[in-house]
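Given below, in the form of structure tokens, are the structures.
Shared chain: chain A. Partners: chain B in the first complex, chain C in the second.
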Partner chain A sequence: MLLIVVYVVIGGLLACLAAHLLPVGGAPAAMGTATGIATGTVQIMLGAAMTGLFTAASVDTFTDSILLVALSGAVGATIMICVVMFMANIIYGFGAGVVPISGRVDVDPITKEPQAPYKTPQTDGHGVPIVVFVSGSLGGFIGGFGGALMYYTLLNYAHFSAGTAAIGAISIFVANAILAAYNIRGTIEGFHDPKFKRLPYALVASFAVSLLCGIVVSLTAVLGGTL
Partner chain B sequence: MPIEVVLLFAWMLVIAFLAFIACTFEDLESDMGSQSNPNSQVQLAAQVGQVNRFFNKAISGEPLSNALYCVTAGAIAWILLQQLEPLVPGAEWKAAVLAIPIGVLGAVVMNVIFSTTAHCGRTAAMKRFEQPIYLDVLYGHLMPIGAHAFMTTFCITCIAYIQSNLGTLAGNPALNHPFALPLLGFVWGITVGSIGSSTGDVHYGTEREFQDRPFGEGKRVVYHGKITRYASCGIRTQRDIAGFCAKFGGPCTGMTFGLIILFTNWTTLVGMQLGGFLPNLPAFTAIGDMAAIWTIVLGLLIVAALAVGNVIFVKWVRKKCGPFVGV
Partner chain C sequence: MTVTPAVVEEEAPAKKGLSFKFPPEETEMGIVAGIIGAVIVIFTGLPAVIKGVGLILVLLWGMDSVRKTSKYGLGTGVPSIGVLGTGYGVVGAMMGLAVAEYGRVGQIYPAVLLGVIVMGVIGLVSGAISNSEKFIAMKIPRLERGMMELGMAGTLAILLECSIVTGSLNFNAVVNQVMNTGLIALMFIFNCFAMLHPYNACLGPDERRERTRMCGVEISGLVCVLLGFAQLALGTSPYGPLDAVSMIVFGAIIFAVFFWKFIKTCMDEAYETVGTGMIKTIE
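After this line comes the complex of A and B, so read on.
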């Protein structure tokens, strides 16, 4: 029972961390007014986690290693987020003639290329530049790992059915992603964004919520007779 | 190679093709109703004095609304399948041919009802800004929205049906996905909406919605709300927008989802094949672990290729377009 609570808490904390790493541009990014993926925190995180969960569920049918299932979920989510960021850049480049540029830093921390001269005035950057892509990939990996970890725990330790485990894992995931969305308040570019420093507050809240979720899952398993 | 394995790969390609169609139409459906993030500009337009003839149906975020339609369609189809399959033993596909379109039709009715209430409700709330509810705009957009939504939901429900019966279709029922049809509809409904919202919106929001502004720059805050209201002939409605986005934004979005489905399924199947897991299925052995490791390695290779591709593309665009030269 303790193992269920521990893994759910770890999964929840990873989900919260991942949401801070994803480049969330929100509605402004859809107009090329902000850097990042043009949708909300929860929506893109949920899309990535779902893809990861699908891969993890497939892999779970032929291996009983928790590490391999969690890693396959992580890779599935990373593939989803990478394809989305790459194709968004294609549309920014060819469809709108916009250069992917960070609005929060003057020099890309990875490639050291200047950003400010390429930025449109009165915008907060546009597209998915390289540092943002790296941060987003990390976010997808960590989020997918956390989601798949919770799925495996609910399926194999709490002995839920596959469907119930998936819905349970996603529900805990969403709760943590929403907490992160409150902390982000709008847009974030990734680990290089000043807003990333707010992460500890979200992690404390995430720990509390995930602990509660872990206890509820354990109680459900005990009362339902599966544990 | 055994026929079961060949069939598995063939069905995977069918699924990827359906995913391409589904997400293309999902993006166009959101453009047709102005549902997603660029809707903020349609909402803002009347408030800054730009009375317009845009359809305004921000029902909810795209992932959630699409999940709703796909789960509705999946649940109706699943219930009908439970009833109809025993009537046609040995030819269960006949039940699917009837059940899936009926389920999707139910979801489309729900979509059209939501579209009507969302448009009327939102536009009525703008009365103080003198934005009328144009009845021809309302009537003229409901059918295209419903038709696009039908295509999206139909393809997603077909994907869910194929995946939940993949093993049976390929000759080995043990390979069926552990999730039930409505749950797979939920998974792919969320994902298709998430991708349509994050990828396709860019073409509509950054380009088409502000087409009378300079090309090649992010849209400045001062432009917000001042959307392009006139078409090449007459006043612009969403039908002009969907036709434009169907030439680039829609197919790109479709390709995004198609590639995601292709890569995630492909890595799993090739991993199973390389691990020696197919066509026999020894459960929970070292062979299974090996298959999982291959799946992960192949996935990481794809991620690396995408990262390299992105670096090359970003550097190329920077060089091609150069620094910002406007004012």
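After this line comes the complex of A and C, so read on.
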């Protein structure tokens, strides 16, 4: 029972961290005036985590290793988020005619390429440049890992049925991702963004909420007679 | 936010009988919907249509909380708070279903309300943390209350939907017929939409609570139609297929009436409605 609470808390914290690493563009990105994918944190995170759950659920049918299941979820979520970022770049590059450029830093921290000269004045960057792509892939990996960890815990330690475990994992994941989204407030590019420094606040909130959710889920398992 | 319903209400819609002011105030709405929803959840032997009425009230309450919370600007879009409410709702419903067997009298399950209360507490805690200066510092007035109401409304809505589809609140029955058939995913998304879509679609400087709520009732009607089809397909109702069919008809009528009302109100309150016909070619 303690194991369930611990794993749910770890999964929630990973979800919160992952939401901070994703390239969230929001409404400005839909007009090509901000870096990232053109939708909110929750939608991106939910899409990635659900894909991760599908891969995790299919791997779970033939293995008992928690690490393998969690890693497969992570890989699924990473593939999903990478495809989305790649397609966003194609649309921005060949459709809108803007180059992928970061708006928050002058020099790309990974490739050392200058960013500021290519940025359209009055905008906040465009598309998904390299550092943002790396950060986003990392976010997908961590988020998928957290989601799949929760799924495995609910399925094999709390002995829920597959459907219940999946929807429970998604619900707790979503609550944590949304607390992170409130901390971000709008757009974020990744680990090089100044807003990333606000991460500890969200982690505290996420810890409290996932602890309560973990207790509720383990009580459900005990009282529902599945444990 | 300068929402002044007192002034706007006296204009066009009042004359044309298109105003929709069942419980007029937000607090009254919460109390009425909470009590009626809780009573209907407990008595699972009721026909589906009555549960549908409860569902509409509860979803309307959730929509009101979404509106109340997000009119100050969340920074992440209105959908996030609706999804949060449903996410809490699923966790709370699982908790409620787990304890449902305790203190059961025939078809009456008073213990499920424990899940609602627990989710209210979790919502209160998360609201307090989000609003606190030390942590996320959202600085939204009454966010604690809004999140608490969202958790409770979400839980009641999911419990009511489970009760409509399975005809009881037995943990194993719900797991077999709602969770394992994948219906829960549909319920999740439809609940989200019933809560978040009305305010998301209507928000703006001229947003009016009654008009937004018409949109909310309309979507709840669609949810009832969907649940009626699910009930018909699963064949779980104690009253036979007639129950499911009446649910579908009820949902369709609610949808049609409120869709018409909503469109009419929008057209009346717009500055001017100009028909553009089909898509025009550029001259």
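Note that the second predicted complex is superposed on the first by the 227 of 227 C-alpha atoms of A that agree within 3 Å, B and C clash if a C-alpha of one lies under 4 Å from a C-alpha of the other, contacts with A are read in each partner's own complex, and residues count from 1 in each chain.
Just so it is clear, contacts are C-beta pairs under 8 Å (C-beta built on N, C-alpha and C of every residue); 3 or more make two chains touch, one makes a residue touch a chain.
Just so it is clear, the model here is predicted, and its values are computed rather than measured.
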Touching partner for A:40 - first (chain B), second (chain C), both, neither: both
First (chain B), second (chain C), both or neither touched by A:6: neither
Partner chain in contact with A:224 - chain B first, chain C second, else both or neither: second
Which of chain B and chain C A:92 touches, first, second, both or neither: first
Touching partner for A:107 - first (chain B), second (chain C), both, neither: neither
Chain B versus chain C as contact partner of A:79, first or second or both or neither: first
Touch count on chain A, higher of chain B and chain C: B
First, second, both or neither for A:163, with chain B first and chain C second: both
Partner chain(s) touched by A:130 [first = chain B, second = chain C, both, neither]: first
Touching both chain B and chain C, residues of chain A: 26-27, 40, 42-43, 46, 162-163, 167
Complex contact set, residues of chain A against chain B: 26-27, 29-33, 37-40, 42-44, 46-48, 50-51, 53-55, 57-65, 68-69, 71-72, 75-76, 78-80, 82-100, 111, 113, 117-123, 125-130, 133-134, 137, 162-163, 166-167
Residue numbers on chain A that touch chain C, as the complex places them: 26-27, 40-43, 46, 160-164, 167-168, 170-172, 174-175, 178-179, 181-186, 201-202, 204-205, 208-209, 212-213, 216-217, 219-221, 223-225
Partner chain A, residues of chain B touching it in the complex: 36-38, 40-41, 61-64, 177-180, 183, 187-188, 190-191, 193-195, 197-207, 209-210, 215-222, 224, 248-249, 252-253, 255-256, 259-260, 263-264, 267-268, 272, 277, 281, 283-284, 287-289, 291-293, 295-296, 299-300, 302-303, 306-307, 309-311, 313-314, 317-318, 321-324, 326-327
Chain A partner contacts - residues on chain C that touch it in the complex: 74-77, 79-81, 83-84, 86-92, 94-95, 97-99, 102, 118, 121-122, 125-126, 129-130, 134-138, 171, 175, 179-182, 184-185, 188
